[in-house]
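Chain naming follows the written order as A, B, C and D, and within any one chain the residues start at number 1.
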Amino acid sequence: MKKISTLILFVLMGLGAFAQFPQLPHGQVSIDSLKSEVLGVNRQYSVYLPKSYETSPNRKYPILYLLHGVFDNNNGWVMRGHLQDVSNKLIDAGEAHEMIIIVPDAGRDWNGYFDMDGWSYETFFFTEFMPYIENKYRVIGDKKNRAIAGLSMGGGGTTVYAQKHPDLFSSAYAMSALMGLPEGGGIPAQDKKMAELNRTVIENHCVKFVENADEATKETLRAVRWFVDCGDDDFLFDVNTDFYKAMRNAHIPCQLRVRDGGHDWEYWHSALYKALAFVSDGFDN
Amino acid sequence: MKKISTLILFVLMGLGAFAQFPQLPHGQVSIDSLKSEVLGVNRQYSVYLPKSYETSPNRKYPILYLLHGVFDNNNGWVMRGHLQDVSNKLIDAGEAHEMIIIVPDAGRDWNGYFDMDGWSYETFFFTEFMPYIENKYRVIGDKKNRAIAGLSMGGGGTTVYAQKHPDLFSSAYAMSALMGLPEGGGIPAQDKKMAELNRTVIENHCVKFVENADEATKETLRAVRWFVDCGDDDFLFDVNTDFYKAMRNAHIPCQLRVRDGGHDWEYWHSALYKALAFVSDGFDN
Amino acid sequence: MKKISTLILFVLMGLGAFAQFPQLPHGQVSIDSLKSEVLGVNRQYSVYLPKSYETSPNRKYPILYLLHGVFDNNNGWVMRGHLQDVSNKLIDAGEAHEMIIIVPDAGRDWNGYFDMDGWSYETFFFTEFMPYIENKYRVIGDKKNRAIAGLSMGGGGTTVYAQKHPDLFSSAYAMSALMGLPEGGGIPAQDKKMAELNRTVIENHCVKFVENADEATKETLRAVRWFVDCGDDDFLFDVNTDFYKAMRNAHIPCQLRVRDGGHDWEYWHSALYKALAFVSDGFDN
Amino acid sequence: MKKISTLILFVLMGLGAFAQFPQLPHGQVSIDSLKSEVLGVNRQYSVYLPKSYETSPNRKYPILYLLHGVFDNNNGWVMRGHLQDVSNKLIDAGEAHEMIIIVPDAGRDWNGYFDMDGWSYETFFFTEFMPYIENKYRVIGDKKNRAIAGLSMGGGGTTVYAQKHPDLFSSAYAMSALMGLPEGGGIPAQDKKMAELNRTVIENHCVKFVENADEATKETLRAVRWFVDCGDDDFLFDVNTDFYKAMRNAHIPCQLRVRDGGHDWEYWHSALYKALAFVSDGFDN
């Protein structure tokens, strides 16, 4: 049912309850872009601003970076993940805090969250994108009020970013995460760009990172709230449980859930509910 | 992530688990239509056929009629309700039986599930559409293996159809249901068609039907498994709880759930999971 | 399996994972009592102290008052509600904050949370019990970090206490709540004590309180986070939905859930999970 | 609140709804015993008979064998698993079928579900206990309407019994299952009885059974509906995921869920809800 229809129903149906439900203000998703010097192109991003953003012009908010998967872009979480509807619903119910949610674009021409030969996405993200976003929008801007989450290739990006920058994120929620690739594995590399994606995923192996971490590194990882969420039918199941076991063996607290499902949007849409609640539990209240 | 991408990943990623997950056959949604003599037009419908339908050419299946809301048509459950993904997931998990799911079209030009002046939809449904469907597809065809569910205007249709034909349906699952309208109420009637919708919803008031039922009618209603599912923020909350109380007072078993949410697709999408499981519990196994 | 057995298994089973799971410190429930001048007797209470309470001697905590039902006492939530296990589990998962939970005793000889002729329980609670508790234990002590919840008669107590003292509680979670009694209704009064219970529940009718509230009172009620949780088979269903509708009509935000079940401990045990998460979302983080 | 209190409330409270909720008949748990020739002793068991058992003297029912853990006996599922309350609730909601549930006693003096030197429990179970039970109670008695479930040591028993007798059980639901022990591992053997338990658990290793199965055996295993449910904090996590991976690699359909929690009754109590629904989905309707 279209929004306009709902409004009409609200206003005119004459039911006893109708007058009691004024249409509430809600958070909105929009699309914007920035010019990247590092990448040499314009990059889009999707942004969710919560309901009070316009009406409370001095208020600052926690922020969540929400990463998409391979062959996708910043539209996926919006169009199929129903980001706006899910966020509004959880915030209205008090299960998630009002927050700013940013979906960067790590797809289209190139795919990947790491520095590749000819495409320094990771450098872009930390030196250009994050500063731009956190200057443009009213974010609180400390570790406690910043979180990261993502699916598949973006779940790998989530984990690696939080492993390398545990001082930046209070929570990391990895869904169906591409936690690494075996040597020589990967998506068939028809071209250099895909070959570079494979190479960098192999290099940034999340399980090996934990297994090789010294005690000082492990201690910094304990300052992040970790959550791994992977379906029992997911082809990435093994590497996700391997990661969980490495974390447990390193005495780094980490939640694991294996729910019903595979590597698909029904899984990620339901995971978004859990992710927003989980990162909210780590934000200031 | 597009389907083709998932396939590529499955086939070529070189992960340990990949070879273990051959792409399973899955149920498919398609669109078809029939020529209606009653309505004098062609009418579309969407149809979900479960995974074994093609490979088991002699097998017969239970059937669910799944009704859409006002200003919508047979596409809504497919495009925003993600009917195919939800059905496949629940059937794979063993929580729903393989079944045929039909979404009729009660929208577009006219809206409504009842007989209106100039548009005899209810007559069409029972005398033309159901026989056509149950002749064309391999359905078991008895009451036990036939169920009905729907949202909003289609939740009202669900309830009224099962009230008038308790011999036809084993289960009725009403979501955010338009269980009736007060005298003089309704969607603002810009034209005769909408006025007819209002009039027929007022006439087919689900609560009054129960309150006015004699004991013999109540006894027939007890042969249907009833489920009412309505959000706490739904503007139809009152009429849904009134219906539940009328059923309870008439000693007709009926489940009620009030979950978080309003009159929107996040609610109905999650309700579809519950509906498929509920109607399956009533089908033969 | 007894605790000792689990420990033995942990220590000696020789499984790969065992060394990774040192037995964590956990919160504990104990029973204590105070001498009440108001009531003229000693009163027990049960108290849950979270895992860090002993090891962090300067840390202060949020507090939840958790009320029991009629013919029960401070043992019910401990023995059948499994308070310690549920609290430890949710806190370990990060879904609830570490908090102090107090179950007062409003049963045994007399039953009820209000001031009765000869038994001024409400006066005792606010002038004697709360000050005693919040002096004895390390509580933060402000409204934001204080919540109240309860079942049945204690759900009524929860609602009334928060209605009269919205400045004291950030959240109120009412389970299967005795929100009021009709004139002349109530538990059969074999004696004066039960007659007094009936009289005070009739007097403290939660629905009437909302319906009769002036705008200033309504505004104070909007500063509390309200949650009503009642089973579809509960004999108190009607008065709970009446309360919800009164709140909605008064534009006081209030969550409602109707889950499967009746007036029993399976319902309340599962409600405790939801209550601890809900009140935590209102506490400082 | 005691049952009698609820009844009083129902009968006398004078609330609008009260007369609508006559106390429904419910299933009951009782304890009985049989004389075992194989074991040479009397053995207790707990039995749940569903609500219609007494009033429908010719009706036959599906049966579930529900196994307990080490150092426990047939009382655990009743006292801490709240077997009667959970079963009644799910059956009333239509989420589980009416079924007979039997909790055998594999504890007290000896512990274990397998044939040990001096205590042939497995022989007892299949040649004496099952025939006795299925003769005494009105069970349907075919594979489709017989299921098995259990926790910890009883989850291992569940899996092994279904592996050896896939012709007897339609579903096997293993909770926190002791799927095996490494060579030389086990509970510290203070005596021969415990040493025998360790030896037989090592011998009956569920993962090795799958890995060593020939194709014909695998095919028989595909005729059982398998469900593995294990908490992320369980010290048996690794062997449970190993079992799942062995099943997947052998192309034997198997559900896996990793929910929040450890090796404790909060986990098993919530697992019982899922187990009763899962086995019901495999029974005739």
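Operating definition for what follows: a contact is a pair of C-beta atoms (placed from the backbone, for glycine too) under 8 Å apart; a residue touches a chain by one contact, two chains touch by 3 or more.
Listed by chain with UniProt protein names: A, B, C, D = S-formylglutathione hydrolase FrmB.
Keep in mind the model is a prediction, meaning the values are calculated, not measured.
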Between A-C and B-C, the pair joined by more C-beta contacts: A-C
From the options C-D, A-D or B-D, the pair that copies A-B, where over half of the contact pairs coincide: C-D
Geometric centre distance via CA averages, subunit C-subunit A, whole Å: 36
Subunit B and subunit C, separation of their C-alpha mean positions in angstrom: 40
Residues of subunit C engaged with two or more neighbouring chains: 17, 21, 93, 237-238, 245, 255, 260
Residues of subunit D touching subunit B in the complex: 17, 20-21, 93-95, 225, 245, 248-249, 251, 255, 277-278, 280-285
Interfacial residue positions of subunit C with respect to subunit B in the complex: 232, 237-238, 241, 244-245, 255-260
Interface residues, subunit C side, partner subunit D - complex: 1-2, 5-6, 8-10, 12-18, 21, 69-72, 76, 82, 85-86, 89, 92-93, 152, 181-182, 184-188, 233, 235-239, 260-261, 263-266
